[in-house]
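Listed below are the structures to be examined.
What follows is chain A paired twice: with chain B in the first complex and chain C in the second.
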Partner chain A sequence: MFLLPSLALLVGIGLAPFFYVLILSFHRYRLTWSDRPWEFVGLDNYRYVMNWERFWDAAWNTIVFAVGTTLLSFAVGFALALFLSQRFRGRGILRALVIIPLLIPPVSVGLMWRFILHPLLGLVPWIIKSVTGVTVSFFETPAMAMFSLILIDAWEWFPFMFLVLLAGLESLPREPYEAAYVDGANRYQIFRHITLPLMRPVIAVAVLLKFLISLKVYDIIYTVTTGGPGTATETLSYLIYRQTFAYFWVDRGSAMALVYEYLIILFAVLFVKYALVKARAG
Partner chain B sequence: MASVRLVRVRKVFHTPRGEVTAVDDVSLEVRDGEFLVLLGPSGCGKTTTLRMIAGLETPTRGEIYIGDRLVNNLHPKDRDVAMVFQNYALYPHMRVRDIIAFPLKIRKYPREEIDRRVREVAELLKIEHLLDRRPRELSGGEQQRVALGRAIVRRPQVFLMDEPLSNLDAKLRVVMRAELKRLQKSLGVTTIYVTHDQVEAMTMADRIAVMNKGRVVQLGTPRELFARPANTFVAGFIGSPPMNMIECSLDPGRGLLDCGVLKYPLDPNTGSLLQSRGVIEVILGIRPQHVRIQKGEVPDSVARVPVYVVEPMGTETIVNFKLGETMLKAVVPADVEVEAGEVWSIVFPRERVYIFDKKSGELVA
Partner chain C sequence: MNTKVVVPTVVAIIVIVAAVLLLTRGGEQAPTTIRLYMEDMVETAYLEKLLPEFEQQTGIKVVIEKASYEVMREKLISVFKSSEGYYDVIIVDNPWVAEFAEAGWLVPLDDFLAENPQLNVDDYLTSLWWTVGKYWKDGKVYMLPWYNYALALMYRTDLVNTPPRDWAEFYSLAKQLTDPQKDFYGVAAQARRGYKVVEEGLNYVYGFGGRVFDASLRPVINSSQAVEALFLYGRVVFETAPPGAINWEFDEAFQAAQSGKAAMMITYNWMIGALNNPEQSQTAGKWMVAPVPGGYAVLGAWGWAIPHNAPNKEAAFKFLAWVASPETEKKLALMGHAPVRKSTFLDPEVNQKYPYMKTLLEVVDNSLPIVPPVTVGEQIVHILGQYFSESLLHVKDFEEGKISEAEAKALIKQELDKAAQEIYELMKTEGYYEQQVQLPPPWGPG
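Take a look at the complex of A and B:
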């Protein structure tokens, strides 16, 4: 009885928009057609989306981007966490410095790097040119643009990886390490046979989280490349945004959003099933 | 193989609530191939001593040598010691098989040799059926045997064992005691073995170092420690039931020790020795096994008192007498018939009596 109001609220906030989008996706509707009634078209929108090359290109771009930035931010974050979990003077200051990128709003990160990598005004192309004489253009070719995006996003996210992995490292038990020292293991062997297996559950969670977050990337794309050159760095979020609010194809956008949502849920389920369960089993 | 030498080693822990001196000025030489037991009550610094030898703690002061090499600044992995940890310290993510194989695997032993040795060790420790389990699927005693297996699978310079049998049941402990001792003798690996069980110490050790409050209070063979305890601490720690300790004061005029109900006549030499040292208050010690009791009157009895409690133990009987505040125990063969309340004469054979200075606790005569 007392639950009813809060339940209603939950349904209203959480599920109503979902159903609205779901219903919308079976109709024909453009934002510019505000006077026309919705016309039921069944699976037409889905058929359109599934056969639309640009949708699949965006899906591929999303995955390339997500895999790239997840691996890069993990590698950098883990290396730093390993380094800064050791005891030495100045460790505290370094730890604080590492976290800075996390504190800058994503939009600012995008704009900042857009300037730093700008072919004419940017610091990095200028340095590369003065040192090697080579002119590098960070956003010109599709590959370079995607690479630059991954670089920028990983720069924003490696502190997150760092924090999660550092917390994991610091909570590992001390006894297995002492036993391994006495057993004669060197640093590499300890990393390989003790740290890595003990960290597996933490690594799995961190990587999964970052991957799922990366699949939804939008802000960086919007501020840095706006999906360009052409549609080379257009990700699903960005494509849906464009379709819905730039071209006003709300119906198609809804269908895409739902397909996209299912893909993400599928990934999440697979990951939880394999990565986490396997990690727990050791 | 190698000897182990500790020279004036001290370890102070700095805690938020002040300094703790865990090991205080310990000097010790363990000979090549020797089985040395560190024996002492809980908290006396046994584990800390072992951890310093392993390289897991740095001594606050003093030097540690393994062989001729000063190892104070040597990393544990370069000391070539194998250790059984008091808390086992097994690798939680590995199977028993891989835990035992670990020291060999990282030394790149050939696969077949690793398998063979793991099998041998598992058989010795009776854990063959557990090889595919992980530590959390094992009981305390099983984990302890795995920890032991990981140590003895290798042939190091030194074995360090921190109460490696404490969690086994009584029967298995007796078996393992013998197996370990035999293994140590056949391998000839210098071994430092920590325990607070005096029976384990007496049966296994070549020599025992008795520790108390961070210091080594006596070092000697089991026989020496039993026959000539250097102080009341060792006297009370070794032997079961513990040595009787009776507070007495010297009566130089009558040439005896006055212990209340009990009067012990001194031989003239001992009397004058005590007097010359100015020792008046003493503790008279005698092991329960050495106390003689007789039903009738005997000329050299130290007291005639009623029996307080009789404790039959099977092969022998413990007879308790109440002497003022203290209880005197005598161990007699089971066929001696004693009833509570009967009055018996007590005899202390002169060569079995120890006299300690009450103030310092040191053996005087």
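Take a look at the complex of A and C:
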């Protein structure tokens, strides 16, 4: 009985829009149609999406992006967490400084980096040029543009990884370390055989969360490359956004959003099943 | 105190206070207020300076809500779809007008124009009038031109003696001026996917004699002229523009030009003002404007419109009568506004302040709208944007020696074939090929 209000809220907020999108995806409807009724078209929208090369290109781009930024932000975040979990003076200030990128709105991050990486006026190309004499253009080729986006996104998100992993490190039990120390294990051995196994569940959660967040990337793509050059950096959420809110084709957009959602759920389930369960067991 | 006294007292106080509030509000009569929705642009700032004049004349208060271009379309649709309107006057970009008009979201302005002959629609430049003015399908007027953004060539007078007249000449001049060792380039290009690459690349296509549509609305963007044009455009971007220009927006290109890193730029004709303004430009005083090489320029334009659900239509019409009048336009033009009326372009006072006004008239007169007024204008621009961008990548491969010139052109042709095919299917689903349609000038035969 006491659950009813919250259940109603859950249905209202979570499930109602989902079913709306589901129903919409079986119809033909545009936002510009004022009084034309929805026309039932069965699986037409899905057929279109499944056969649309560009959708699968975008799906591939999304995965490349998500894997790249997850690995990079994990590597940087974990290294920093290990470093800043040690005791030394100024640790508090450094920890606070590391968080800063996470506090900047993604749109600002995108715009900021677009100018930092500007080949003529940007700071990074200028430094590279004065050291090596080579002019680097960060968005010129498809591969380079994707790499730059991963770099920007990882910059924004490594503090997230850092926070989660630091919290994990701080909550580790002290006893195994003391025992290892007494046994004369070196730093690498302690890391390899104590820290890493103990941290595995935390790492799995952090990586899963970041990966799922990255699959939904939109703001950085929008502000930095708008999916270009060509369609090299077009991700699924950007493609769906264009269909739905720039072209007002909400029917096709809904079908795409649902396919996309199933893909994400699939990833999450696979991940939980293999990585997380394995991490727990190990 | 007992409750028998307290409750009636409290109720009485509430009733009295409410009555007093209601009465005084009614007696004061708040001034009529209209809401405008506009892009956050220098043009909007000029208008704001002039608003007190309108507010004094009519007693109508004007509130402007400013937004960035990217969010305007989404915001407008949410307002159009709501049962209660919010904005009284809006500005609409020309690729959207047919779509909005056919959805029934804009108020036809024909009666209003008949009542206000002083607005003299014949005074609008023809190219602009067909872009945002009269809608060819029903012959009604849904928007009044506000300002134009026809593309033009900006060049440094200290480096370029006579502006190039065709694209081949433009390319060789740009190449000559480029010196990467000194960080100096011929052209500050903006080839970013989306609107930018179309606004720039389509000038090349027009200059080579190519078009997006023929007079019966069939896509012809896969013509050999367009292939040649985009190939040359790619060479300009990769050989004479700063590295990275393939991802540049207006901001980046403008920064490169104003900071003295480029000799030429293809941009909106009225940017000549900003390039020569010492507050915005380190190279102020060195810039001049000319029509784009090849003659025909890409034209975009904003127009004034009234949403179907405007809460205060009467005041909105009053505002429209004021803002679209030749007198107001002249005052705005003297501040730097990009005119839409012949009389303003030719006005002696305006010409005295801006000696290049006649060149700008030539630019806008010889311009062809970025898309015809069809209901899928926005999609067409983005289809072109995508395939233009893909085409440039093939030129990049040519520049790096990976493919030959002939191979690059064949690949560009394939991209443009895809663009034409997508546009064709889009137009077909919109019903444009079910009957014989004929575009009005400037697209079709006069």
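Descriptive notes on the structure:
The criterion applied here is as follows: the second predicted complex is superposed on the first by the 271 of 282 C-alpha atoms of A that agree within 3 Å, B and C clash if a C-alpha of one lies under 4 Å from a C-alpha of the other, contacts with A are read in each partner's own complex, and residues count from 1 in each chain.
To be clear about the criterion, a contact is a pair of C-beta atoms (placed from the backbone, for glycine too) under 8 Å apart; a residue touches a chain by one contact, two chains touch by 3 or more.
Just so it is clear, the structure is predicted and the values come from calculations on it, not from any experiment.
When both complexes are superposed on chain A, chain B and chain C end up sitting side by side without clashing.
When the shared chain is aligned, chain C comes close enough to touch A:120, but chain B does not. Once chain A of one complex is fitted onto chain A of the other, the partner contacts of A:108 are absent, as it touches neither chain B nor chain C.
In the superposed model, A:246 makes contact with chain C only, not with chain B. Using the contact criterion defined above for the overlaid structures, shared-chain residue A:175 touches chain B, although it does not reach chain C. Of the two partners chain B and chain C, more chain A residues are in touch with C.
In the superposed model, A:142 lies in contact with chain C only, and not with chain B. By the touch criterion defined above, A:32 lies against chain C but remains apart from chain B after alignment on the C-alpha atoms of chain A.
In the superposed model, A:183 lies in contact with chain B only, and not with chain C. Looking at the shared chain after the overlay, A:197 reaches chain B, while chain C stays out of its contact range.
Here's the short version: in the overlay, chain B gets within 51 Å of chain C at its closest Cα pair.
The touching residues of chain B, counted against chain A in their complex, run 54-56, 75-77, 79-83, 85, 87-94, 102-103, 106-107, 134, 150, 154. Within the complex formed with chain C, the chain A residues making contact are 31-34, 114-115, 118-121, 135-142, 145, 222, 225-231, 242, 245-248. By the touch criterion given at the top, residues 70, 73-74, 77, 81, 99-100, 102-105, 180, 183, 192-194, 197, 242-244, 246-247, 252, 255-256, 259, 261, 375-376, 378-379, 382, 386, 389-390, 392-393, 396 of chain C touch chain A in their complex. Residues 173, 175-176, 178-186, 189, 193-194, 197-198, 282 of chain A touch chain B in their complex.
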